[in-house]
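Several structures are given next for inspection.
One chain, chain A, links the two complexes that follow: it is found with chain B in the first and with chain C in the second.
Here is the complex of A and B:
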């Protein structure tokens, strides 16, 4: 009961932030009713997906200060579990998603135990290594389709709620919006939970945290598992949304980095950070891509610009966009 | 059995040569990390810039690719210094996350800039003193002269950097900066200058590596990632910041990557039917990552590392 009360307790947030959140929520709920292009809809779905990925990253990377650059491996596990179960055994999405999450969490325990003996750069690079090993294995594993990946066949008429197959994108939109809201509420609860406080203590100073009786290693592993569940959940959704998955687009280093970048750009270690980051980066990437990338002779200019913007933000405000907000608030006081 | 013996010899030779290439690529990364605790994700892109430099300059000046190496090194050094003063200096003020992302942005930027100007098709040096020549040193064992040249130059670069760090006053200042930047500042060492120097040395060595590599490895804008990852693995194996470690680890990784042919030969010689299907060729880089992961976990400071 305490946990549920915590999850809905937004009392420690500033009034104006809550007001803004309400406006955003109203916008998100009513977006499909407004006139929009299908490109805009796809961008919104991607925005919600990356917000959730970012929340997962933020849990361990932001609150815990453990920079993880291997999140894509859990996207892959979630996506592949759903796809394989759906293709081979006709298992509905709503059943395969929890299984995928469980598998991903299991894997996170296996690699998390040795991983968290490392710190800083060493941890970050080791997570890349595990992710790449898994990706390489999936690329040669015939059971999951090898490098060509898997194609999910249609399972009957649209709209198919059981297998999450729709013709119109707004169905997907509301499914991922539901996940987004649950994820957000859960995150709020996590913030107030025992583990949440432990994690922030670890981030501030590990030695002090240990002297306070916190089992540092185990707390990190637990938080890592929660973060993994977020990412794997969206990975399962990704499989149904795209109908087609391959190791390159679900497990690549680029995806891991993109996930981490969103959270870090918005402001690591805050509730709004990943959402702000995804709200900036996803549209920017999509629109820059369609605006500049499509023109002949200009291939790459969109991503070059994108790289420049990332460099600029990392150099100018290392605490991200939310860091700017906080700095402004501190000045006003 | 004789076939197995030849194959082992062949793999040893090519592994050793390839390993020296990897070591040279990793040298710059380990120097930069050693001095300022920053991991440069754009390292492979520096390599790519070196490769393109040789590829473009050599026909422009009408000289052999090998003679453009100093120029490739110079371009690498200038790029390193530019990056330091334009980006890295600002990143150092922020937390580790900001450093990771700053260099990541640099990686995306350089890679796509190359795509913009050079296009995506792979290119390679087609003629030159080194291209296509080889020395036969035994039945079936062939030394490609390109790889041999890289190996020799790699050893030479290691010698130079080792001398620079261990035998000169500047090297002492570099070491002091890496041990305790604040303390070094109090001693009158311009740490700013030392950091820039580290980036110059790192950039130069990887630029030279690129100039050599393009003689036998095609360059395209995406070539950097594989080498960044191998360089990370090499540096982690050898110990972050250890020059000697990078050399040993590079050779080790070169040998690992050349294991699959030996495995095939073993299977053929013992006629193991059951294991036939086990093709490990596509796993050669996976093995590198896996071993790297194991080493990181078992011995986080690496084989020769002194930084924890």
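Here is the complex of A and C:
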């Protein structure tokens, strides 16, 4: 009961942030009703997906201070569980998604237990390694389609809620928006939870946290498991949304880095960071890429611009965009 | 400060809300073209784009010097001389991005149909989007066999696929042992009986690997190594080491552009000495590949178009001249097939006499384009409508070419297979490094 109360307790947020949140929520809910391009819709869906990935990353990377560059492996586990169960045993999305989350959480315990004995860069490198090893295994594992991946066959009768197959993207939009809202509210509860406070204490000073009786190792593993559940959930959605998955697009290092980058750009360790990061990078990635990529002679410039903006933010304010907002607020006081 | 943030937020929202300026004029037919214009296959993307553009130019104008029906009409005649407009999109080799771009083209730009996507992995997702929306897609250059085995109703492929190409390779190897190759005496079987293959590991390459494995078994060759590698990989030395360790008579590759270059450089640095070095088109058939100079003399590649085809087909020569004027070099397998893909679109629209999807679907399923209209050396274009392959052109064919030093000192491709149309004697064995 306490946990539910915590989740809906936004009392500690500044009033203008709450106002802004209400405006954003109203916008998100009504977006499909407004005139929009289909590319705008695809971009919004990706924005919500990456916000959720970022929230997952933020749990362990932001609140816990453990830079994780292997989140894509959990995207892959979620996506593959759903796809394999759907193709081989005709299991609906709503059953395979929790199974995918459970498998991913199980895997996170297996690798989290030894990995959290490492710190700093060593931890980051170890997460990259486990993710790449898993990707390589999937690439040669014929049961899951090997490097060619899996294609989910079309059921034909749209809309199909059970298998999450729709012709129009706004169905997908509302499904992922629902996940986004649940994820956001859960995240708010997590901030106020015992584990949330423990994690922040660990991030500030691990030795002090330990002296206060916090089981540092176990707290990290638990938080990592929660983070994993977020990412695997969206991974399952990814499989249904794309109808096609490959190790290369669900488990690549590019994806892991992108997830971490969005959260860091927005501001690691804050509620809004991953959302701000995704709101900046996803449209930029999509629009600049499709606009410049189609013009002869300009192809590739978008990638250079993209890199420059990230370098600029990293140099100007390492705590990301939300860090800039906080710094301004502090100055005004 | 808050004002600035507000303005920025509104600007961003506005950018997302503005519907793309979708307005189909009566005299314009929009075709969405999705290719890898950046990323590891950017070089191929440039050729593909130029090939499709050239076909559209020829279709839109009256060109008396070109002996092709579409060069005489100045637009699509059955649609009142409507001109083709190509809308290019860059999928960067990313299947998900490809699918998003396909939706954008279909829903925002209101294209009549799609041409693309070179990468089989992207063609797979894009064709699934087209299938969902009932929009026709013609594919000119993705060769993964599975693409036409899905029973799709809105997908047609003009190029032959890897099963045919790989069979050609084994026919070539067997022919070599029987002394059929021009200028080479029968090669003892044991000299080339051991094979080693390295294929890039996405949809295309991994299917090539499977075909190689199956045909090696069927033809009784010993496939000692069959490696999959990442096309983006910055280093291929461990892969090459395993290839050399297998002591193969023939090394076989399925590589995109940058990895094909790296592969040859690594083979050279490790002093590989196979008797035959064969590539499955793609990276082995790019202008950049020729820049490796003497290192590739004797290398074989399968293709659907080689500049020496010009000697056999005058029409290819006419189109090739225009291409050279535009790009500064000859047509290659990628550009010739992109050209043919768009050309097929023109003939299909001409036959359909309408831009309605159903009419186009019917036209695709019944069209028959004779070989004398094409730049590629095929019997023609006719799509299968039954059996386990739906939408596959059944009249295509492949070539095997070899890089040879020509009289002017330049390195060029000569046809060495099919044996009866070889344009030069085969150089055997490969020089080695």
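Structural remarks
Simple rule for what comes next: the second predicted complex is superposed on the first by the 331 of 333 C-alpha atoms of A that agree within 3 Å, B and C clash if a C-alpha of one lies under 4 Å from a C-alpha of the other, contacts with A are read in each partner's own complex, and residues count from 1 in each chain.
Please note the rule applied: a contact is a pair of C-beta atoms (placed from the backbone, for glycine too) under 8 Å apart; a residue touches a chain by one contact, two chains touch by 3 or more.
Note that this is a predicted model, so its numbers are computed, not measured.
By the touch criterion defined above, A:61 reaches chain B but does not reach chain C. By the document's definition of touching, of the two partners only chain B reaches A:318; chain C does not. In the overlay built on the shared chain, the residue A:286 is in contact with chain C alone; chain B does not reach it.
Once the two complexes are laid over each other on the shared chain, residue contacts for A:92 go to neither chain B nor chain C. In the superposition on chain A, A:140 contacts both chain B and chain C. Applying the stated contact rule after C-alpha superposition, one finds that A:130 touches chain B and leaves chain C untouched. In the superposition on chain A, contact is made by A:34 with chain C only, not with chain B. The intersection of chain A residues touching chain B with those touching chain C, taken from the two complexes, comprises 139-140, 299-300, 303. Listing the residues of chain A that touch chain B in their complex gives 61, 67, 69, 114-115, 117-118, 120-122, 124-126, 128-130, 132-133, 136-137, 139-140, 253, 257, 260-261, 264-265, 268, 298-304, 306-316, 318-319. Residues of chain A that touch chain C in their complex: 27, 34-40, 42-44, 46, 139-140, 146-149, 151, 154, 158, 167, 169, 242-244, 246, 248-249, 279, 283, 286-287, 289-290, 293-294, 296, 299-300, 303, 328.
Contact residues on chain C toward chain A in their complex (touch as defined above): 1, 12-13, 15-20, 37-38, 42, 45, 49, 87-90, 92, 94-97, 99-101, 103-104, 106-108, 121, 124-125, 128, 131-133, 144, 146, 150, 201-203, 205-207, 228.
Those residues of chain B that touch chain A in the shared complex are 33, 37, 39, 87, 90-91, 93-102, 104-116, 119-120, 221, 225, 229, 232-233, 236, 240, 282-283, 285-286, 289-290, 292-293, 296-297, 300.
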